[in-house]
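Structures for review follow.
What follows is chain A paired twice: with chain B in the first complex and chain C in the second.
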Partner chain A sequence: MPTLAASNRPEDLAASLSEVVGVENGAALLKTLREVKNQIIGNKTKKLQYLHLGAVPKIVSVLASASSGTADGGDSVIIVQAAAALGSFACGVEDGARAVVEAGAVPHLVRLLSHPNGKVIDAGARSLRMIFQSKLAPKYDMLPEENMRFLLSLLNSENENATELAVRIIAHSCDKREEQNALCDARVLQRLLHLLEGSLSQRDASLASIVAIVKNNSEVARTFASIDNGKSLGALTELIHDRYPRTRYLACMCLIAIGEVSSFAHDLQTKTNLILVLAKLLEDSSEVGDDSPFALLDMIADKEELQVQIVAINVVEKFCNYLEKGSIPPRRLQGILLALAELCSKSEICRGQLISPQFLNVIVDALQHENAGVRIAACTCLKNISRSVKNLCAGRFSNESFIVPLVKLLNDPSTSVQDATLGAICNVSIDFTSKKAAIVKCGGLPLLVQISKSIDPSLRLKSVCALRNLMFIADGTLKEYIISELTISELTCLICDSEHLIQEQALALVSNFINGSIDLIELVFAEDGLIINAVMRQLRSNFATQVSIQGMFLLCNIAAGDESHKEAVLSYLIPLKSDEYAHLLIRFMQSKDKLLRTATVWCILNLTDPAGANSSDRVRRLQDGGIISQIKTMVNDPWLDCKFRVRKVLEQCMIPQSMRM
Partner chain B sequence: MSPLDILLNSLLTLQAFAGTQNVSSLQKDEAWRVNVRIQGCDLDNGYLCGTMEALNVPLADTPVVTFWEGEFIDVRNYTFYTGKWEATPDDDIRHWSKFPSFSPLLSQVEADGGKSLDLSSYPFVFMRWKEQYFVNVGIDCGLTIAGFYYVCFSCSDGSITGFYYDPNSSPFQKLELKTTNERLAGFTFSSYQLQ
Partner chain C sequence: MSRLWFVPGQLNATESMSTSKKVITREEWEKKLKDVKIRKEDMNKLVMNFLVTEGYVEAAEKFRMESGTQPEIDLATITDRMAVKKAVQSGNVQDAIEKVNDLNPEILDTNPHLYFHLQQQRLIELIRYGKVEAALEFAQEELAPRGEENQSFLEELERTVALLAFEDIKNCPYGELLDLSQRLKTASEVNAAILTSQSHEKDPKLPSLLKMLIWAQNQLDEKAAYPRINDLSTATLEDPAV
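Then we have the complex of A and B:
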């Protein structure tokens, strides 16, 4: 009599996993498990399908049930199939690894490693090995003696899967100094070095473990470097030229980690070789190609000597050529742009190499990329290229082709993108040619003003800095336009912001505004002196030195105006009925901060300018307020700049009234 | 503390200087009016840069603006000996000696290039300025920027004196600059901040 053929549909198989649990259904269960396993091996779509059908927790239940069933370790065949299926789910699919870990599979699989049946041990080790390839695997606490003993037993096991599992556990879990030292004391490094001669998979896992054990630990790095009289380093140096890209990459990572904390692998030639290998790996189509620019970035961060070397060996040119080919995976593009940004952070030569129209086109595209990480990297790169005063002076950053997308990014939904954008805009706003129209013409000004009211302090700070830079040596029309958008009341709010850094930028913005024009000085007295009153409040109550310095430079600029401006500044600093502010001036001149002393003396220098009609009266009031006496004590100020200004002030004060204008 | 810090913190902050350059040491009336603006400074690397505007240049319809890069003679990054731009040690000594403030240093400079000098409390700062490109005109404007300036800055009065050196131009063209207060009755400050 014919029977219905068994269904192989995932829905049916997943459903039957619950139904067939139990020893009495052993054969059917085994068949189902085997079918599921066979379907998902190497098939991401199927894995995801089974994940949605809730197959993983069911298989974990099967494993738990089967492995705890009897004294002899349960049904070995079912255990092997369940373990293999779980390992496969975790392999190469993060959602799968997450599901396996969350379903509590790991403790059951670990128990299998003590199973009497060798095939079960092997299946358990193989499955765990796959799970521990994922970042989502749980950390293994190797410090308790028992756990360390178990880990070492795996590492020294004859079973290759068990050994590799131990290596992967170390690579994944070792991140504390105590763990690094304990593994080093247990001679794990020697074992890992030996495993470098094993299979490809073992070799790569061992390299990753060596990185984890030596990272930021100079003692351990030194121990590693001295194994077999330095043969360990020789082995790694050979592996950076291995035929497999991942091995090359991991060997580089080992040498970088060792070089970071010790004098080994620290010479320029070794580092140059590493740079060249990593730069070449960029062209690899696998994940290694995505990771290599980040490895390079870590290697060169804040290391000027290496950055100079990279420029010298034409790596920047290689990066640019590669970028100009287009169609680059987002993570790789992000990594390259960040590495280039780091190179441009200090090197003017590198900035010069990236100022080409071809590369700027790459930046323009990256600014409009759908991936936020790429957009941030493009802004960071542009920010660092535009640190070049030489190119700013040549007006190279007034090009609307990238100002337009940059301004658009001020509206980006991601705050991090906005933040990075503002960094770039701050720099490109400094246009020494006085043609600041580009950012303004592209609609940037209202957006900057809007962001200056943001609740995010970093956005607020950078937008005010951008406005300050836009104001720097701008023409009168642009200055007035900026103030009309910003408004005096908002500017006053920024001077009184809760953040000192923002207060400082706002004061510098006002200084830039009034610099060079008597008419513009009137702004600080407008609307019943909103700005000047805020400035004086800050000077009186603020103990942030940088704010006081900017405040005094602002008063100095006002005091460079006409007689009424000088009188106003003096009356604020030395009011007729109070000596409160006179004490303020004396406090500033007695400050330990040389710039604050100097800024204060510059301001007094302008107030005592003998060309002014009321200058002798102002000198008298300064004398009465005890200011001149204080200045006399500063004739030998250790800060030469202050000393020279002090002498000039005293010279001006000595001019008899009859000789003043 | 060093004079270079002084430059940065006061007169570099003031930024604007104005004066003249005598194109010929014989004919004073040939002097060009010159405005100089310091645009950037990197003391660690002994670097500064700025723009120079020549106002009444013959053959030019408009003022000619050039961008220049400078070297501080800080004895660490740069010494008194130029070693490039076609300047021999003799040329260097001849030009530096034009500054009265250089004479106390001469013997030491001749002995070791000035490497053992402590310039940290010296009230003058020596520099070289080399024009790099024309900002507002083409290279076919009939002017040359092949040479460079030996420059001395006085910390006490903020004046700048320079001598242009170009083997193919009139020798010892003198640059004299003072800080400008523009249209104001006092010194003013403006500043930018790079991120």
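Then we have the complex of A and C:
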């Protein structure tokens, strides 16, 4: 007795699927399958509902038993419905694609491709095509001879659906050099080129496959470019102006892939055309508009020549005008902001173009966007715009509306957003006046201090870096406030952090603090010399040159203070009992690093300043420690800055006792 | 020198335009047209393209036999497409959806706008026949999730559901949704999607040619007086107005 579902409700239909398994219940099964298929096509909610009801494995077993039986007409109808339903599950819903693959549908569907009935082949090929559009589809191993033969038979098939399936399989699966070479040897590129003249979907799939085959493979790219004496490139160049946006986009991707590995399609004019096409595509309402800014980003990343060109042809202006229109889909917004960020990382002109009230409004909105990717992109953009020293000096960031949302992002639940936010705050806080106050006023300081204790080294590093920049030529009140929030013991911990980069930033922070005021130098000796002891410990034990440089610059700054400070530094560097530190100074001056040599000599220069009452005594102690004779060997130091200071030190040491103050 | 010439020339332009228009007489015009050669096969193809795209399957079949012109697609697919179109036009939307899915399940799976409009049409039909409860349930279960996916869908859905709030739905603000024209609009959207899925242009070529003719005449009007075609259905040459 055939079982019919009690109703068309998903629960009943899914239940009856397992009851009617068994081909003998043909009519009822067919009805149920058709109903399920018609309910899920186009309907994401229903797909998920059926997924949870476990419908996919049931349909796969229906397909398996129907296709293993004798191939009479009745079976074919069921196979077609089952295949169509599985294809739909895989379309547009990631979980669906995963379920279909995990239920083992692929081999059954592949078997359908050799079915005598054309409709079954169509249904199987369509279904597989949907599956292979998903990133979750398994890679097809085309290297075994038998598999390659099957793939080629599909590709050369008369059935358009089968051909397109083969093209999509290639686009999805081909990612190894051997596969690229094998496909090239099998003259697949010629076939794909031919398919470019076919239907729209064949053409688009072929373009995606060509990208997969030529990517990072200069030999294959050369072969492609020489097909029919270069007609292949001509065809692609025409397609970048095609009337269908997706085709234009894919043709651009092809030319970019070829241009990256060969001299073809590599001239500036072609690239300029590609940029213009991609820039125009971002106005397209489909997915293409979301992908094109990312393609542009890949294309221009680290390519200064192209970045200059992009600024020259007013693309930045177009981006801004587009962004100011508002209500842009998140992925697209993210892509455009990242592309602009990339441009701003080098081009001062681009930064200048972006410093407008309208664009800052866009940034302010993006900082508060619900999508984390957009927030990160906005921070990155802000970070790179504020790389402009010129604009920072001129205080052109007079609009401070972005500070509040930016500071708020320090509390973001996503670590990546926090990381990007710190990057932006680092640069913004260099601002010579108003931004520092604004950041502090919005409650940014306690947040930065809190993050500097994070277990994530990257967050710790960037927060210390931000604090260091906040400290940079700040006024005394702000400096004191920062230290009181941070506390001396915390600062000491940061100087002794396990990461070299953090140690370096923490030392620089102290340097920025004491810079410019003798009174502030006392900080390093406070609480029984917590900081200075930590600094000396790092100098002695550290093998990271950057840390030693910052440490020496810090000592140099302290030695710029009054007599007691100079005495203290010298007593730390050349203690009466041990000559361990003297060796340290000599080692630094013999370093290959010009900055370390300079910092060390500079420190000694400050110590030997003849204006100091005890300077001759200090010169003597330095002489006794062998320091001066080391300096004498450096009179022709290849680094001018160092050489100049070496000569200055020697001059100061020559001044007789009587002439000293 | 030429620069100096240019300025007065431009100033006089508006004045001289009407007088300097070239007049082309009917004889001259017909002689010119005679020199243009058009191939019969091209004409036949245009006609076939029109019949196929518009879905005149029997006429296309007869025309194929009589003129020997091969259609660009399998004529059998026209029958299927027409059946879908007709189902929408007569309000059997569910039937239309099933037919489209049999034809090619990818169409509705990859075309959310079309899918939404078909579902919306289903809702409109339920409302038209006063099935209030069914309409509400359908709107909530099937359409509301689409509205969550897309803001513009939500707005259209709200407009449609608003129909339920009025006693006299024909004369309410959104009454036009109940017009036959709404069905035709949906039907032509489905028709276009099926054609696209068959890699066929969704519009016939003939109207584009006529549009181009009108555009070209408008361009020419600024420069010359000539025997114009004003009535496209008869394509009669009118004498130039001098």
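The criterion applied here is as follows: the second predicted complex is superposed on the first by the 629 of 661 C-alpha atoms of A that agree within 3 Å, B and C clash if a C-alpha of one lies under 4 Å from a C-alpha of the other, contacts with A are read in each partner's own complex, and residues count from 1 in each chain.
Please note the rule applied: a residue touches a chain if its C-beta (ideal position, glycine included) is under 8 Å from a C-beta of that chain, and two chains touch if they have at least 3 such contacts.
Quick caveat: nothing in here was measured; it's all calculated off a predicted structure.
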For the combined arrangement obtained by superposing on chain A, do chain B and chain C clash, or do they fit? fit
Looking at A:Val261, would you say it contacts chain B, chain C, both, or neither? Reply first, second, both or neither. neither
Output check: A:Asn515 vs chain B and chain C. Expected answer is one of first, second, both, neither. What do you get? first
Using the superposed model, determine the angle chain B, chain A, chain C defined by their C-alpha centres, to the nearest 10 degrees. 110
Looking at A:Ile488, would you say it contacts chain B, chain C, both, or neither? Reply first, second, both or neither. neither
First (chain B), second (chain C), both or neither: which does A:Val101 touch? neither
Which partner chains sit in contact with A:Leu478 here, chain B, chain C, both or neither? Use first/second/both/neither. neither
Give one of first, second, both or neither to describe whether A:Leu501 is in contact with chain B, with chain C, with both, or with none. neither
In the superposed arrangement, does chain B or chain C reach more residues of chain A? B
Contacts for A:Asn606 in the overlay, against chain B (first) and chain C (second): which applies, first, second, both or neither? first
First (chain B), second (chain C), both or neither touched by A:Arg34: second
Pick one for A:Ile227: touches chain B only (first), chain C only (second), both, or neither. neither
How far apart, in whole Å, are the nearest Cα atoms of chain B and chain C in the superposition? 31
Considering only the contact definition stated at the top, list the common interface residues of chain A for chain B and chain C. none
Per the contact definition, I'd like the list of chain A residues that touch chain C in the complex. 34, 37-38, 41-45, 84, 87-88, 91-92, 126, 130, 198-202
Touching chain A in the complex: which residues of chain C? 97-98, 101, 104-106, 108-112, 115, 142, 145, 149, 196, 199
What does chain A use to touch chain B in their complex? 383, 387, 389-390, 392-395, 423-424, 426-427, 430, 432-433, 462, 465, 468-469, 472-473, 505, 508, 511-512, 514-518, 553, 556-557, 559-562, 566, 594-595, 598, 602, 605-606, 609, 611-612, 638-641, 644-645, 647
Which residues of chain B touch chain A in the complex? 1, 3, 5-6, 9-10, 37, 39-40, 49, 51, 67, 69, 121, 123, 132-133, 135, 155-156, 181-195
